[in-house]
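Two complexes follow with chain A in common, the first pairing it with chain B and the second with chain C.
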Partner chain A sequence: MATHPSVETKYMEERRELFHGIRNLERRSFLKVSAAALGASAGLAYPHSFTPVSVAQGAEDTGSDQAFRFAYVSDSHLYEKDVNDRFVRGLLRAVDDVNNLDPQPDFVFYGGDLAQLGQEKELELGAQILKNLKAPLRIMVGEHDWYLDMGQKWQELFGDPTYSFDHKGVHFVVLNSVVEADFWTERNMTPMERMMTVAGLDNSLQSPFTVGQTQRKWLQDDLEKLSDDARLIILSHSPLYKLYKPWNFWTDDAEEVQAILNRFKNVVVIHGHTHQLLTNRIGNIHFHGVLSTAWPWPYAPEGMPELTIEMSRPDPFNPNDGCGDGEVHVHPDGLVDKIYNLWNRNPVSVTAAYTASGGSDSVPPKPNRPSY
Partner chain B sequence: MNVALFQTLFWDGRSPSLDHQALQPILNPVEMGMPDGETAMKAIRDDAEYQEAFKKAYVREMNYEDLGRAIGAFERTLVFLDSPFRRFLNGDSDAISDEALAGFELYDGKARCVTCHPMNPSNPLGSDHRFHNVGVSARHQDFEELAKQATKILAEDSSEQKLDELAVGTDLSELGRFMITLNRVDIGSFRTPLILNIGITQPYMHDGSLATLWDVMDHYNKGGEANPFLDGGIEPLALSEEEIDQVVAFLFTLTDVRFAEENQQQFELQRAAAKKNRPIRDEAMAERSILPFEQRVTSSKSTDQ
Partner chain C sequence: MNWTLIRGSARRAIVCAMLLFWAAFLAGCKHPSETAELDAADPQSDAGKETVATADTVDVKSCDGENTVQVAKGLTGQAMADALMDQWQRNHPEANWVTEEKEKHVFLPPADNSALLQGDQGKGHVYGNFTERDLITWAREAEKFVAEGSRIFHSGDELGSQIAVSCDMCHPHAANTHPETYPKYQVQLGRVVLLRDMINWCVENPVRAEPLDPNGPKMRALEAYIMAQRKGTVMEYGKH
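Entry: the complex of A and B
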């Protein structure tokens, strides 16, 4: 069986390579490397400066083919207050960010993992904070919300995790993409043991995420009435493709779901779970990750989509670095510009032109420090 | 003092060099108020001593840019690094007290100071040269409202001079680095000041709002002032009174020995003031028995606070 090097191993190897390279440098290439190192040591240097984005405000009619935008907040992983209040402050900050968007977004999409361990108090605290949003909320479930009581509390607070709605000519579908096959009954796990297992990475106990047959059938039916050129945005917690299984950056029945989406001209999938800048395209489907308000994940050691411009390693001294919230600007053709509003860096925009061109146009700025 | 070692000048870093920085206050209407550089030069051009000195230094007629260079050159001579703590690091184990040494361990650990105030042989200043919101202006400012105003004004005129005027003469200065970058993440953040000679550079913080180093410790001990842009590294510290005294004792070992007398005087003055009054002190917050977000979350109009 193939073994994957850990992030640390990968990092150590890169370091060794760098230092090996430095020893063998001629003067000219040395200057190049030292200039790069200088850039790195000057702190966060940005490739382009931030200019406030003025958003064209469409007329208030409800016809189709309109451009509009919505905001997103995701992956807050709230704990009870005696354990951790930093993540609570993160979510509060995101709510403030969104509330101060001018003009206000049409709605706010919450990308799942509101709670860390699915506990009542965590979910209630989250619901309480999200009530402060001025714009309407559309919420999705994540595995951290679900596997303590199998979604009981979450559904009590927020309703059905699988639903669809139409907004300004775009059909939105919200999926519960974190359905796992029962691994707990046979092992006699308590609800908390089950929750802790799902919350962990790199363990072989839990099953991979799926959308599952029931929801796939529902999805098929839900989309039936749409024409092939309909504008369609799917919201899912896990990426609806296969990136890296040991961390469940993965949907096991991704191919089946993609097959359902295959007939459409353009589909946009926006997903939580991965806590990082993440871009992918598979045929007609354009995938965008979202930022977490709690922590940034490192990038998976393998399987990274080519379109992703990886962000550089977050500053370990600043827990806000690499976290944030953002916006989605929906174009009349259904494709989107995805704005990553990073709390300690300049915002990054991954545009429709970038994914549509397969990565040749409007390339987002590459950070001048290495990924991680 | 030691400004030659800064990477950017002014609290919001709007000036890249001492030579450039020196020319700003001369033209700022609320500072020296000269309409332009030429008028400023008129005021000193007739002075024979200046004429000679400039001629000698720059081998040309006096001009405004050289004025900046000359002031910058003078400022670069003001280097004061020779502190008891530096002597301690160089092997003189009697240079600082046991209390101060305990304070250094806290500085490096529980009190988290070193996160933004790193001190090492190659960077002795105790500044990371970056910009942080530690919540000082959040005590009395509505950041969102200010940011809206600033964005509007700067959209019309974002010249160097306009920035300088806004940063010195108006409330907008409380937005700090945001005025330069217009990036929300920089709202209310200011350049980390150097920590050398901190004992004799009272009052403290970018606005001089804290009178003693005990107040500064109280501010950080309670986790700063809650606001959405608070730096991620700011946390309640749960420092005891004894620990606060130790950190302060350490901070007073960072003053250049040429100011030893003044340093001792300040220590006593500040200690007496702190015994009388500790306006910022909040043990409940420091110990996390009250969390700053709780009130917000439970009140219905949280975002208006």
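Entry: the complex of A and C
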């Protein structure tokens, strides 16, 4: 029996081809390709054949204040795969999720804590898995990546943990916000003892996280050239505010960092570490947490920001519940819609309208199971 | 040094050694100033071997009947006892494990029972005639039990995890364990469970270890730690 592709198959093939072409497109050749695609589709008799109508918007998006989106994956806490396969499967799933986004995001942001104990094999495994991402990777360091060899292996694989870049008119800054004062020398700790101490969320022997004076100076210099209405997104591992010190949901020099950001009209901070839906706003600064691919954390017993709509307590019987990945949709005004792609639940959007209105508009769904 | 935290057998050994030196002191040893030669007082233990006393030292057999300790002559009992204690602590770095566990994974102190020392009705009765010493003992022992639970809670090795997972990785400070809500109908299991049933479910599944003996010391310690962390919370059995 002869095989003919179905209408649906034809449609999907065309669509895939077109988006593939557009993703690799330079601005100048955009019209050429879209015209070709139009021509190709016009020649087909299928009534529902794909035509790149919505893509025309892309042509307008080349200015300095355009909208775009990027994806995030964070806090995978990898052990070597023969020690613990569950966390490895978590990261693989997130990479699949992101690779299946269509169209692809502009880039993928990794939010830190790729490894559980900062060991070479853990970091190498993580780097290897992240290489499967189709979109370009931007990566940040977390405390679990750092405190075994003080960042040596991580930097060897991924470069400097503090950097900035510009994308479609938005200035992105990536910080290492997990700088801890030396608590280990006095206690004669081995590197692994130091790592194990930092790896324990409720371990009080460690010091609070900071950005530190060196990076604050660097940040000040880096932002100097920007005007007050520049679009600015800061990526940090710890929340750049003070939530709950016993778990280092905390940045000890948060006020100093916020002071540097005060002059801007809108600033968005996206942070890892907290493994949960977490929203805050301090003046002009809008803060969003991200999900982990390994496990969710409980909410802090005190000090929760008013804007946070907590996620329902995760189901312990489903190892994926409360975990996930997500997307960030950046608006022309620099604010963002934060999409939490929860693996076992409906996705939750915390929109720019919600944070901008101080929590009165576009309120995300409320939880039904409390966090204890 | 924290005397209350040193385990029973070790404490007996130290008391025994102290008594020996007081005896030596009372028997007429020379006694230079209290603080003199503390360094020299550092006794050199040599397990199972006889040592030879020199002109400046004296051999003392420890209570265990095996170790001989060589110490400088002419020290007061206190200096000698301190030196022995120092030595014992060097040989037992884990001796302060309760204090260390508390420092590492801060947990709530047991209830304050000082009101029991008030009032006169308890006097003259066996039950109810409490002293400050009783209160100290209760608090110390209860806290030690909780500390043991904290130690296991935070250790994948103690739990026997095959995948290097410990309880604190999802439950820092035992958060989200809600022991006050048991017994309750656990929907996922289709039956009413106690806290220990859920602990063992976690041990077998996310932690991936052999289940603990429900009446064994590890389960009892884990329950103690989890309950202690909810001090002051209203009991609400059946709550979801």
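Note that the second predicted complex is superposed on the first by the 310 of 372 C-alpha atoms of A that agree within 3 Å, B and C clash if a C-alpha of one lies under 4 Å from a C-alpha of the other, contacts with A are read in each partner's own complex, and residues count from 1 in each chain.
By our rule, a residue touches a chain if its C-beta (ideal position, glycine included) is under 8 Å from a C-beta of that chain, and two chains touch if they have at least 3 such contacts.
Treat the numbers as computed from the prediction; the structure is a model and nothing was measured.
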item	value
Overlay on chain A: chain C relative to chain B, clash or fit	fit
Winner by number of chain A residues touched, once chain B and chain C are compared	B
Which of chain B and chain C A:W247 touches, first, second, both or neither	second
Partner chain(s) touched by A:G200 [first = chain B, second = chain C, both, neither]	second
First, second, both or neither for A:R313, with chain B first and chain C second	second
Partner chain(s) touched by A:G283 [first = chain B, second = chain C, both, neither]	neither
Which superposed partner A:Y79 touches (first chain B, second chain C, both, neither)	second
Contacts of A:W295 with chain B and chain C, given as first, second, both or neither	second
Which of chain B and chain C A:G159 touches, first, second, both or neither	neither
Shortest CA-CA distance between chain B and chain C [superposed frame, angstrom]	5
Common ground on chain A, meaning residues reached by chain C in one complex and by chain B in the other	85-86, 317, 319
Residues on chain A engaged by chain B in the complex (per definition of touch)	43, 49-52, 81, 85-86, 88-89, 92-93, 95-97, 99-100, 102, 125, 128-129, 132, 134, 317-321, 341-347
Of chain C, residues touching chain A in the complex	103-106, 154, 163-165, 168-173, 175-178, 188, 198, 201-202, 205-206, 240
Interfacial residue positions of chain B with respect to chain A in the complex	115-116, 128-130, 144, 148, 151, 155, 181-185, 226, 228-233, 235, 288, 291-294, 296-298, 302-303
Footprint of chain C on chain A - complex, ascending	79, 83-86, 116, 197, 200-205, 246-247, 295-298, 301, 313, 315-317, 319, 369, 371-372
